[in-house]
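By letter and in written order, the chains are A, B, C and D; residue numbering begins at 1 in each of them.
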Amino acid sequence: MKTYILTRVILSIPMIFILLTVVFVILRILPGNPVTAMLGPKAPPEVVKSMEAQLGLDKPIIVQFGDYIANILRGNFGNSTVTTLPVIQELEDRFPATLELTIFSMVIAVLIGIFFGSFAASHYGKTVDVMARIYSIFVYSMPVFWFGIMLQLIFGVWFKILPVSGRASPFMTPDNLYTGLYTIDAILNGQWNVLYDALLHLVLPSVTLGVVISSIFVRMVRSNVLLSLSSQYVISARSRGVKESKILYAHALKNAMIPILTIMGLQFALLLGGAVLTETTFSWPGIGSYLVERIRYRDFPAIQGAVVFFALFVVVVSILIDIINAWMDPRVRY
Amino acid sequence: MNLLEVRNLEIEYLTRDGNLKAVEGVSFSLGFHETLGLVGESGCGKSTIGLSLLRILPINARMKGRILYKEKDVVNLPDEEMRSVRGKEISMIFQDPMTSLDPIMRIKNQFFETFRAHFPKMEEDEMFKISSNVLKSIGIDPSRLENYPFEFSGGMRQRVMIALAIVLNPSLLIADEPTTSLDVVVQLQIMEVLKELKEKKDMSMILITHDLGLVAEIVDKVGIMYAGNLVEFGDVNSIYEKPLHPYTQLLLVSIPNVKLEDMELKYIKGNLPSLKSPPAGCKFHPRCPFAMDICTREDPPTFELNGRKVKCWLYKGEKDGS
Amino acid sequence: MRSISKVFVLMLLLLMGVMVFAASSKDYVIVGTTDKFTSLDPAKAYEYLSVNLLQNIMTGLVTYVPGTTQIVPALAEKWDISQDGLTYTFYLKKGLKFSNGDPINAQAFKFSFDRVIKLGQDPSFLLSDVVKETKVIDDTTFEIDLKYPFAPFINILAFTVAYPVDPKVYPADQVYNGMPVSSGPYVVKRWVRDVEMELAPNPNYYGDPAKTPTILIKLYQDANSLYLALLGGEIDLAYRTLLPQQFAQLEQNKKFVTYVGQSPFMRFVVFNVKQDPFGNAKIREALAYAVNRDEIANKIFAGQVKPLYTMIPVGIWGSMNVMPSQDIAKSVSILQSLGYSKDKPLNITLWYTPSHYGSTEADLALTLKNQFESTGLIKCNVNYAEWATYIDYWNKGVMGMFLLGWYPDYFDPDDFVWPFLQSSASPLMGSNYSNPTMDQLLTDARLVSDEPGRTALYEAVQKLMAKDFPYIPLFQGEQQIVAKPEVGGVVLDPVQIFRYYLLYKK
Amino acid sequence: MISKEIRKGLRGLFKDSSGLMAVIGFLILAFYVVVAIFAPFISPYNPTQPSGPSLLPPTISHIMGTDNLGYDIFSRLVWGTRMAFAIALIATAIAAVVGIPVGLLVGYIGGKIDRVVTMIMDSIYAFPGLILAIAIAAMLGPGLLNIAFSIAVVYIPTYYRVIRSQVSTVKSELYVDGARAIGARTSIIIGSYVFPNVLPSTIVIFSMNLADSIMTEAGLSFLGLGIAPPTPDWGYDLAKGQQFILNNDWWMVLFPGLAIITIVLGFSMFAEGLDEYFNPNIGEKR
């Protein structure tokens, strides 16, 4: 298992390198001048020059690329041109928000996907199944921000039962931040009202993102469970009188989970894309809204940092998922 | 009372391109402690019959007719009651041992879930004891209960499958081409195991196969299937000695140690007819060396001769005891 | 399955549970805003909220009397200005301390001024343009020498860029991003970036202590979130910026008190006179005649901005209306005289930036477009660029006609005309306008120190501008605050300092 | 003979849900195509100029109401159909035009180049598409082609992957067959073998990508990276509608949202239906 993890990590290095290159090409080769953006129109030319030198923008593009890769390897994403803070620190500050949102959304999407998808598969051709298919195709067609806005309108404006923006009410942030995840920190601090408040704030954003992503999960779980329901070991288990529910969950779903997890890993990129829109819709202070906000300032180090960060996030999650997969599958585990 | 009585069984598959008749008007019976061989080419409906006895056909299958197991009508039994029949009363082993075991579940748990399905209150110790004994009896070290299927060879897996099928002492074991996917040496070993079972256990068996020679030694009765029809049914010796249906005769030609003086054809021409648009009349007539005019027009009924059944116009008017 | 649905129902019930938090108390005031602040280093802070926060946690040599434009001593006790207007000498109050106990002395001022100039950040030019040298005479005496006499200099000293920082904490050669060290009424107690900031009184502050022990500033990402937070009782006061329609609705809402005040913030169209066809003053004039400011003010801003007919906003001395009101006929006749017709219309592009000036910006551009096109002789396209690109574009002269806003750095007419009309400054504004007569008038106005004399000069400046039309002023903003009725101490200030330390709950 | 085949095909289409889905999807798309073509005749007002009072709820004269500047929402949606199609088609076409030849070429050449290009494509494929599009769009600035290009980059790998794998398969088959010995040029053979083989899946991908790119465009518009107003654009209208959501001006959010949903629904139903029709579904085997 250890060698497996090691190999998997090593195998992802070229991919990370390519992703970094793609980001570099997009941000540096395309037009736009970050220095005037940083210093404003009133900056004297000599300050502009020195800033260009400081950012290394006066060097040949190859050298810039080398510096860029070297800096990222060192964990140095440069300093934000808007706040002058190290980008890595800003990303660290905002990452927990994104992580919390993606975790909750993923949980919702996975729950909907597994229950609805396997239920549909086990009732192939019945009403539930048709409903699941309509659900998944309809939800897929829904722009995530539109769905978010609608939920805001219904639960925040009409019924006024759920908060529509931010992560916490005033004075409702956890006293001590350990993980940055408000829910976890609230539990660690034993602040139950803070936990409740954090959960309330999570409901709409994570339902929005979770439901939209669940479309693919429902479809995926359904077809994979159908596939494993038609496999020989299911027929064999059935021939021994094993209960249908047991067959569905212990055999079909468990076996289907391996391909499902793999595809979920691929869909994680989609989840992050949706997270950008969701964070913007719900004023969620995560990396997605950070990216959108900094694009307005053309804060190059920040944009680059956020995009690189997303790329790394995707790679890390895909490695994790492969490891979980390997762990679930005895054929790889041994 | 017979253990199993199948009457006018009809099975259809619904597909996008039309319906497909897999089994047509099949009737036969099986006594206690009796072994039946169901023989035919692949796609003739013999496996479908096997699945239908447990009512585990694919969901696009439609079943008509009666299957009486110990006087209970399998076709109309409530789902839960049917489930309690599976594995405990009737159980089945399948063609491909490689895929018939859940690849990510320990063997032990596949045994345990079988127990739990029927005896929810059984203690794990007891389950473990019984499974160990059964495995041992079939030539597998009980310590391997902890293993995953991929850690077994094909023949071993088929043994495990057999052990799983008989662990609850069913009265009827259906073996659906249990040796097809195994190599010859292992095939014989598995047949030995089945033979032993037949001798030691108070169990009836249905062996589904395309290889008449393989089962000849252990079966008591033989049913020959062709294109969804049971074309001949009788006890094994009389069929071997004097096959009635032309198809049976052709099948027997290919078995080296069976002598057949009158036959000249050494192989069966043509293919199984399409089940979606079968030929009119007798399904076998396009390939039949003795096809008559009537065969192309009318499907023959089943004629009874000396306690044997045959579905062929050649035997119209022949009387019992001739 | 059944147990799962039970859990689900339970969860739903839980969610339906009433969510009333943050019970009202007199100990704190929660302020909500959609503004962002990026840096609390006086050498870097330049956008509104950064500056405004600094104005509550720090102070300078001089300050304004709340609610007026009158300059009074703050950290300085008094000051002298030399006859030639080149040397300013400040005598500091005795025993001044930063919130961390370090002394506020002349050395700290020298360090801070030199640092601002050295760092060269956004606001640096305010000092670097005029300050020649700073000197420590003794611990409490601080001298500033100017490059040239500059009448509004004292106003610059009231701005955040001239606030002292603790030399022991703030690095001399880079921007400081840690917790600020205060010299003003409040200290920053807690700071969750991009989420909220908690202020507590500064025990070492020289002046009257803050009225409320805790101010919480909550940052919202858009007007809707702010509006909902206000309606939901999450915040006590909303300052900058609700949508015009939302503010209009709140004015009707009896649960809230709205405050409206003048603001020197102004919006205008810039012409790049180096780009065709805008080099032609006649074309600029024709466009100026097509603008209907009342329609803009009423339709887009629900009457919450005031039409502006000059570059010096109302409320700043010297302001006089010089621009024409809408006169389509006049506009048409100018265009016709230039040879434009229905078949051969004037083709122009109007640029705007979508987020820097709030979400109404596209509407503003579209309304102007429609007004121009109502002449029938103009075909106007609309294009946009994000703020950073926008700056780049105007520096490079990409845009010929674009929307811009101006928020003064110091409250003197000079700051509303010099940067726009003086020939060396106007390229930075993207206009490139140059007129020797104008340059002379502007320079004279800086040198003259009596107000009547300067007023006359600025009137001449405005009249000349209304001949050349390098800009079309559109409107000036208004300061808006919505608060719960129990919040007191809301002071709307002509110089736009919002003072948290005066707020209290009744 | 042919008509009989067609009739059989049609009967097949309606026999089960996947065929029906494709047909419904097709009808939705046909509807929008008609709307796009006849936009000048359908839309009652000029979509780029105010045509009534501000923030008018749906009435008979403005059946979907007006926005805050008095633009008729219905007219904007009708004309916006053109923009939706234009961007989606251009983006998807660019992606196909780049992805397909590269896939063909790389699959044909094979070897190291194949491995490198495939890894690059896989990496882009793994990248969060919207974030990639945001970054590119932000750098390029507004404009129809810029937006289309940003979206196209995201979808190049989808074409590449399908084509390349197909070419490799065909190529290995060709070697086995020794078809080259006959004298036919490999490239021609590949062309004539590959295209019929990948055509069904390419159509499905194309349709899927059209749906996706409409969503992505709406997302970019929502984030303020779309096309400059007053060009009618659904994403822009929707983003604008969100500003007024608290005034209960629901029509500004509902109708543009429904427009996007239905057209995406059309494309994805069409795609999914076709997909299942071409690759009959596994459920029947059970």
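Some observations on this one:
Following the convention adopted for this analysis, a residue touches a chain if its C-beta (ideal position, glycine included) is under 8 Å from a C-beta of that chain, and two chains touch if they have at least 3 such contacts.
What you are looking at is a predicted structure, and each value in this text was computed from that prediction instead of being measured.
Simply put, of A-B and A-D, more C-beta pairs touch at A-D.
Of all the chains, the one whose CA centre sits at the greatest distance from that of chain C is B. In whole angstrom, the spacing between the mean C-alpha positions of chain A and chain B is 52.
Averaging C-alpha coordinates per chain places the centre of chain A 24 Å away from that of chain D.
For the pair chain B and chain C, the distance between mean C-alpha positions equals 88 Å.
Centre-to-centre, using mean CA coordinates, chain C is 44 Å away from chain D. Of all residues in chain A, those touching 2 or more other chains are 32, 124-125, 152, 157, 230, 280, 295-296, 298, listed in ascending order. Multi-chain contact residues of chain C (touching two or more other chains): 222, 224, 228, 355, 386, 389. Residues of chain D in contact with two or more other chains: 138, 224, 242, 245-246, 285-286. Remark: chain D residues 49-50, 54, 68-69, 138, 141-142, 224, 228-230, 240, 242-247 touch chain C in the complex. Contact residues of chain B toward chain A in the complex are 51, 54, 56, 58-59, 83-88, 91-92, 94, 96, 99-105, 110, 113-114, 117-118, 148, 150, 161, 164-165. Chain contact summary for the complex, chain A toward chain B: residues 124-125, 230-233, 235-243, 246, 250-251, 254-255, 258, 328-331, 334. On the side of chain A, the complex with chain C involves touching residues 32-34, 36-37, 39-44, 47, 82-85, 90, 93-94, 115, 119, 152, 156-157, 160-173, 193, 197, 200, 203, 280, 283, 285, 289-290, 293, 295-299.
The part of chain A that touches chain D in the complex is made up of residues 14-15, 18-19, 22-23, 26-27, 30-32, 121, 124-125, 130, 133, 137-138, 140-146, 149-150, 152-153, 157, 223, 226-227, 229-230, 266, 269-270, 272-274, 276-277, 280-281, 291-292, 295-296, 298, 303, 307, 310-311, 314-315, 318.
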